[in-house]
Amino acid sequence: MEMLFLTIALVLGFLTLLTLYRAIAGPTIVDRIIGTGVIGTKTTVILLLIGFLYRRVDMFVDIAIAYGLLSFIATLAASKFFLHRKTIVPGARRGNVPEEGA
Amino acid sequence: MSTVAIFLMIAGVFFFTTATIGLLRFPDCYTRMHAAGKGDTLGALLLLLGLALYNLNDGFSLAALLVSLKILSIAVFIFVANPTASHAIAKAAIDAGVRPWTRKGGKP
Amino acid sequence: MPVYAKDEMIRVLVTSLALFPVWLVWSGMFDAFHLTLGVIACAVVAWLSRDLLITRTDFSRLPREMVRFFLYLPWLLYQVVLANVHVASLALHPRLPIDPQLVKFRSGLKTDLSKVVFANSITLTPGTITADIVDGEYTVHALSKKAADDLLTGDMEKRVARIFGED
């Protein structure tokens, strides 16, 4: 069972690296916020898996709760912040809401 | 019980993987939000359920039950918070005027 | 006692009652000291967020809504699994058969809670995410024409309206 946890944690770590590409290279800020949020969810699960590997779940589950709450708040704060900025993408104007099927 | 937990965890890893592939392959931020908002929610939900079940597996005690309940509370929180977060991001993108990618429009 | 203050007291009380189980699970200590601390903490948090979390004043329908919500959950979970299989098949498909579009439609849901449940349900079901809500007008991003048409049949809205007794 230890092996399974270790494998899952390693796979999730690899997926986090792939997501990190989107968070760094993503063409717009929106893509970066999405990437960061996804990394946050994965990290919450990885923290729990580390807890099971070290047999200290009772401690790591609290860290995972705190991390999950903070990552949600960070995503909300980032999107709220950029909601009030003039531009997210170069060239796009604020209030330039795309029409239906445009 | 252990078999169910292993099955849940492997299914969770599968959905995490497809969500990441979708995040990398889809053409613009709205379609990527589909991958992030759905794939991540179910992936995390299944993995956490599997971990909570496995935690109850060896010896039933109050401490183990509390840890399982905490893991379940994380799962419920992610189930509510993930769609809300992608809703907030989508609103930011629409208000900033990011045009969605379309089949005929070509480049995002 | 004026009516407004009484309503506020009821709201604070209900919020504390909802917060206390969370304290019990997350603290994990059941001695008198920690229980007292929990009651105080829940009361303070409920008082600080008295006009934030719960805005209604009539709680007589709350038990029925909760029962109906739990009856709604299995269907929602089934839809979530369908949505993930849909996204997985799209992500692994070599040619990415998507035709994304924005759809706008009006919904008759009245309370904030039902709007939130409906918006999150849209996001979790196959091929659609909610992008914006302005006074009951929803802007939805759909991955294909079929997903948008499925949403516009209004099946899910009827289910959500049934939970909150708005049909």
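First chain written, first letter: the chains are A, B and C, and each begins at residue 1.
The working rule: a contact is a pair of C-beta atoms (placed from the backbone, for glycine too) under 8 Å apart; a residue touches a chain by one contact, two chains touch by 3 or more.
Model, not experiment: these values are computed from the prediction.
By the document's definition of touch, common neighbours of subunit A and subunit C comprise B. Taking the mean of all protein Cα atoms as the centre, the chain whose own Cα mean lies nearest is B.
Spacing of subunit A relative to subunit C, judged by their CA centroids, is 21 angstrom. Rounded to a whole number, the gap between the C-alpha centres of subunit B and subunit C is 17 angstrom. The distance from the centre of subunit A to the centre of subunit B, each centre being the mean of the chain's C-alpha atoms, comes to 10 Å. Each of the following residues of subunit C touches two or more other chains: 26, 101-102. Contacts with at least two other chains are made by residues 19, 33, 43, 63, 66, 70, 73, 84, 86, 91, 93-95, 100, 102 of subunit B. Shown for subunit A are the residues in touch with two or more other chains, namely 62, 65, 98, 101-102. Contact residues of subunit C toward subunit B in the complex are 22, 25-26, 28, 80-81, 83-84, 87-88, 90-92, 96, 98-102, 116, 119-120, 123-124, 127, 129-132, 139, 141, 143. Partner subunit A is touched in their complex by these residues of subunit B: 2, 6, 9, 12-13, 16-17, 19-20, 23-24, 29, 32-33, 36, 40, 43-44, 47-48, 51, 54-55, 63, 66-67, 70-71, 73-74, 77-78, 81-82, 84-86, 88-89, 91-100, 102, 108. Residue ranges on subunit A touching subunit B, taken from their complex, read 1, 4, 8, 11-12, 15, 18-19, 21-22, 26-28, 30-31, 33-35, 37-38, 41-42, 44-45, 48-49, 52, 57-58, 61-62, 64-65, 68-69, 72, 75-76, 79-80, 82-83, 85, 87-89, 92-98, 101-102.
Those residues of subunit B lying in contact with subunit C across their complex are 14-15, 18-19, 21-22, 25-28, 30-31, 33-35, 37-39, 41-43, 45, 63, 66, 69-70, 73, 80, 83-84, 86-87, 90-91, 93-95, 100-103.
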